[in-house]
Amino acid sequence: MAAQRDVSSDRAPAVTATREALLAVEHVSKRFETSEGVISAVDDVSFSIAPGEFVSIIGPSGCGKSTLFNIIGGLVGDYEGRVTVGGNVIHGTHPAIGMVFQEESTFPWRTVLDNVAFPLEIAGVPKQTRLERAAHFVSMVGLSGFERRFPAELSGGMRQRVALARTLTSEPRILLMDEPFASLDEQTRLLLGDRVLQIQQALRQTTLLITHNLTEAVQLSDRVLVMTYRPGRLKRTVEIHLPHPRDSEVVSSDAFGHYLAEIWHDLREEASRGIKEDESRVLHGRGKA
Amino acid sequence: MTGLAISGWRIAMTRLAIVAIVLAAWEALAASGLLFRDVVPSLVAIVQALWRLLGNPDFYANLGITGAEIGMALLIGGFAGLAAGILLGANRFLSRAYEALVYYLGPTPKIIFFPVMIMWFGVGTGSKIAMGVVSCFFPIAISAASGMRQIDRVLIRVGRSFRASAWQMVSKIYLPAMRAPLVNGIRLGLGVAIIGTLLAETKLSNRGIGYLIIQAYSTFDMPRMYALLIVLFVLSIGANAIISRLGAAKSPRAA
Amino acid sequence: MSGTTLAASRSAARVVGVVTVLAAVALVELAIRGGAINRFIVPLPSEILLAIPRIIVDENVLHRFWQTTQEILWASLLLAVVGIPLGLLLYRVRILRLACETWVAALAAAPIVLTYPLFLVIFGRSATTIVMIGFAAGVAPVILKTIEGLVSTRKVLTDVGRSFRLSPAQQFWKILLPAALPSVFVGMKLGLIFAMINIVGIEFLINFGGLGQLINELAERYDLPGTYGAICFVVLTSIVFFDVTERLERWLRPIE
C-alpha cells in the first residue's frame, strides 16, 4: 500500500498564480438525504479557473463530479460554499455559464440549425441574424451541410456536436461539460476531442470538463483535478505541460504516458475504493449504488 | 423528480371531495327539474333501484347468462386467438402472409356482423357468444403475435438446444416469456368481449344484462337503468383490475 | 440471404396470403352451389360481390358515407378540444392528476358504449347521440396519452431549458409541448379509432345515421347479398380509415 498521501498539502491552489480567476469554486459541499442516511457527495471542494484555461475534473463513478457539474451550472441548489464568476457570487443558472450534458439533449423535433439557433431564439434575436450566427457555429463543429437534418438522422457523435454548437452559440464565458462523449467509442472520442480542443483554442473558451476518461483529460486539458471517491474531495492537481496546438497524435508520446501514469496512481486508489463499497453494498442488501 | 411528494392522505381527500362535488351536483340537477323527467333521477331513487336489483333473483339469473356467454366467448376466442398469434409470431412466412389481415380487421366495428351471426347461430345465446368470440379474437391474436416476437431470441435457442418438443416450447418458454403482453391482450379481449356480447343482447335478446338494460330503456325506468349500468361498470372495471393484478404478480424483484 | 431474395420471399408470402384467401372464398362459392352450405344463410360470394355496386347506387352509399364521416369529424373535434386540454389540466395540477388518473384509466377499460340507451334518452335518436357516444368512447386514451407525453419528457431536455434560463411559459411552449406531441398524436389516433368503431356500431344499433344504419336496414329487409355486401363495404372503409389515421400519425410525428 502506498504511503498515505497528505491530501491537504496536495490541494489544488485556489487561484492560479498569474491571472485573475474567471470561475472560482470556494469550499463547496453538498449533502444528500437518502434512505441510507446522509451522504456527502461533495466535501469542501475549492478550485479556480483562469480565463482561456481548459480544466478537467476526473474521478471514479460516485465521486460527486456530476453533482459538482449541477452545482456550478446552477441546476442544484442548497449547498454550502459559493461559486463566483468574475468575482461575483452566482446563485442558480447564470448566462455566463453554458452547459453541455452527458445524455442526448438535442431537441428531436428541431432541425440541426434550429437546435443550434435555440439560445438566440430565446434571446429574441431576429430570425435572419440568428440563423446566420447559428450556421457559423454549425460549421465550427464540422456539421456544414447538415443544417436541415433532424437529430434522429445523425449519429450519436454528431448529435453531441450539435449540443455543443448550441451551447457555444450562447457565447458563454465558461463552458461546462459533463462527460459529453461518454456514450461514444474510443476512436470517435479522440477525434471529437481534437475538434473540441481546436474550437476551444480558437475561441479562447474557458472550459471545465467533467470526465472519467484519463486519456481525454490529459489530451484536452491544461490542468487536471483528481477527485476522491465519496465524499468527493479534490485529491490532487496535475498541470499538463503538453504544447499547443495539440492533436490526438499526442496520445502516443512519452510525456503523455507519464501524465497518465501520474494521474492513474491517484485515481486507481479511489476507483478501487468505489468498487469495494459497491460490492459491500450489494452484499449487505442495500441495493445498487 | 423535483417537487414535494404529495401524501396519500391528501390524494384520498381530494378524491373524496371530487366524488362529493359530483354527487351533490347530480342531486341538485335532479331536484331542479331542468332536464325532463327522469333523465337525472335522484340519488335516492337510484340507490333504491340498485337495492331492488341486487335482491332480485331474476337479475342474478340474467347476470349468470351474460357471464356464461362472455366466459364461453373468451374461452373460444382466447384459444383461437392464442393459437393464431403464436403461429403468426413464430413463423415469419405466415406472419407476412396473414398478419396484416388480423391487424387491419382488428379495429373494425364488430357489431355489424351481428345479422350474420344471427343467421348462422340463431337468436339465442349462440349468436351472442359468436359476437364475443369475433370481438376478442383480434386483440388476443395481435398481442400474442407481437408477444412472440419480443421474446429474447436467446431463450428460444436455449429451448431448441435442449430439444424441447413443440408443446414444451409453447408451455415452458413461449407462454411464460410473453406473459405480460399476453395478459394485456386478454385484458383488452375481455373488455371487447363484454362490449360485443352485451351490445348484441341489447339488439336482439330476451335474456341477459343487455336485455335488462334495453328493457329499462323502453319502459323508461331510468333509476333501474342507472342501477344496471352501475353494476355493469363495477363488474367490468373489477374484472379488468383483477386480470391486471394477476398479470403483474410474481416476477422476482430486481436486485 | 441477399437483398433481392429477401424481397422476393416477402412478396411470395403476401401472394400466398392473398391467393389462399381467394381460394377459401372460391371454396365457399362451390360449397354453396353444391348445396353443402345453405344459400339462405350464406349467399354466394359472387352474389355478394354483385350486390356491392347495386347498393352503392340504390342505397345512396356516398351520402351515407358522408353522414358517417361528418359524425366522425365532429367527434374528433370534440376529442381534440376537450380531451387534450383535460390532459393538460391534469398534468398541471398535480394533485388532480394523482387523484384522477387511475379513474381515467379505469374508464378507458370500461364499456362506455353500453350507456348508449342513456344517450338516447338525453339526445334522442339523432346524430348528436352518435357523436357524443363516439366522443365518450374515445376521450380516455386522448387524456391519458396527453398526460403521458408531458410527464415522460426526458429530464435532460428540461435541464437544457433551465440551463438557458427559460421562463416557465417558454419551458412549456418550446420544450414540454413539442416533446409531448408524438404521444398526443398517438392518443388522438387511438381516440379516433375508438370513436369510429363505436359510431358505426351505434348507427347500426339505433338504426340511424349513415353506413351502420344501412346494414341494419338491409338486414331487416332480408336482403342477404345486400347485407353481406354492405358489411364488406363498411369493413373495407374502416380498414382504409385505420390505415389513413396510422399514416397521418406517422407523418405528423416529428422524427424521433
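The first chain written gets the first letter, and so on, giving A, B and C; residue counts start at 1 in each chain.
Here, a residue touches a chain if its C-beta (ideal position, glycine included) is under 8 Å from a C-beta of that chain, and two chains touch if they have at least 3 such contacts.
Keep in mind that what you see is a predicted model, and the values were worked out from it rather than measured.
Comparing per-chain C-alpha centres with the mean over every protein C-alpha atom, the closest match is chain C.
Relative to chain C, the most remote chain by averaged C-alpha coordinates is A. Chain centres here are Cα means. That of chain A falls 50 Å from that of chain C.
In terms of their C-alpha centroids, the spacing between chain B and chain C amounts to 18 Å. Inter-chain centre distance (chain A to chain B, centres taken as mean C-alpha positions): 53 Å.
On chain C, the positions that touch chain B within their shared complex are 9-10, 13-14, 16-17, 20-21, 41-42, 94-96, 98-100, 106, 109-111, 113-118, 120-122, 155, 193, 196-198, 200-201, 204-205, 212, 215-216, 219, 224, 227-228, 231, 234-235, 238-239, 242-243. Contact residues of chain C toward chain A in the complex are 154, 156-157, 159-160, 162-166, 170, 174-175, 178-179, 181, 254-256. Chain B meets chain C in the complex at residues 1, 3, 6, 10-11, 14-15, 18, 35, 39, 92-98, 100-101, 104-105, 107-116, 119-120, 187, 191, 194-195, 198-199, 202-203, 210, 213-214, 216-217, 220, 222, 225-226, 229, 232-233, 236-237, 240-241. Per the touch definition, chain A reaches chain C in the complex via residues 73-75, 93, 95, 97-99, 101, 103-105, 107-110, 118-119, 122, 150-153, 170.
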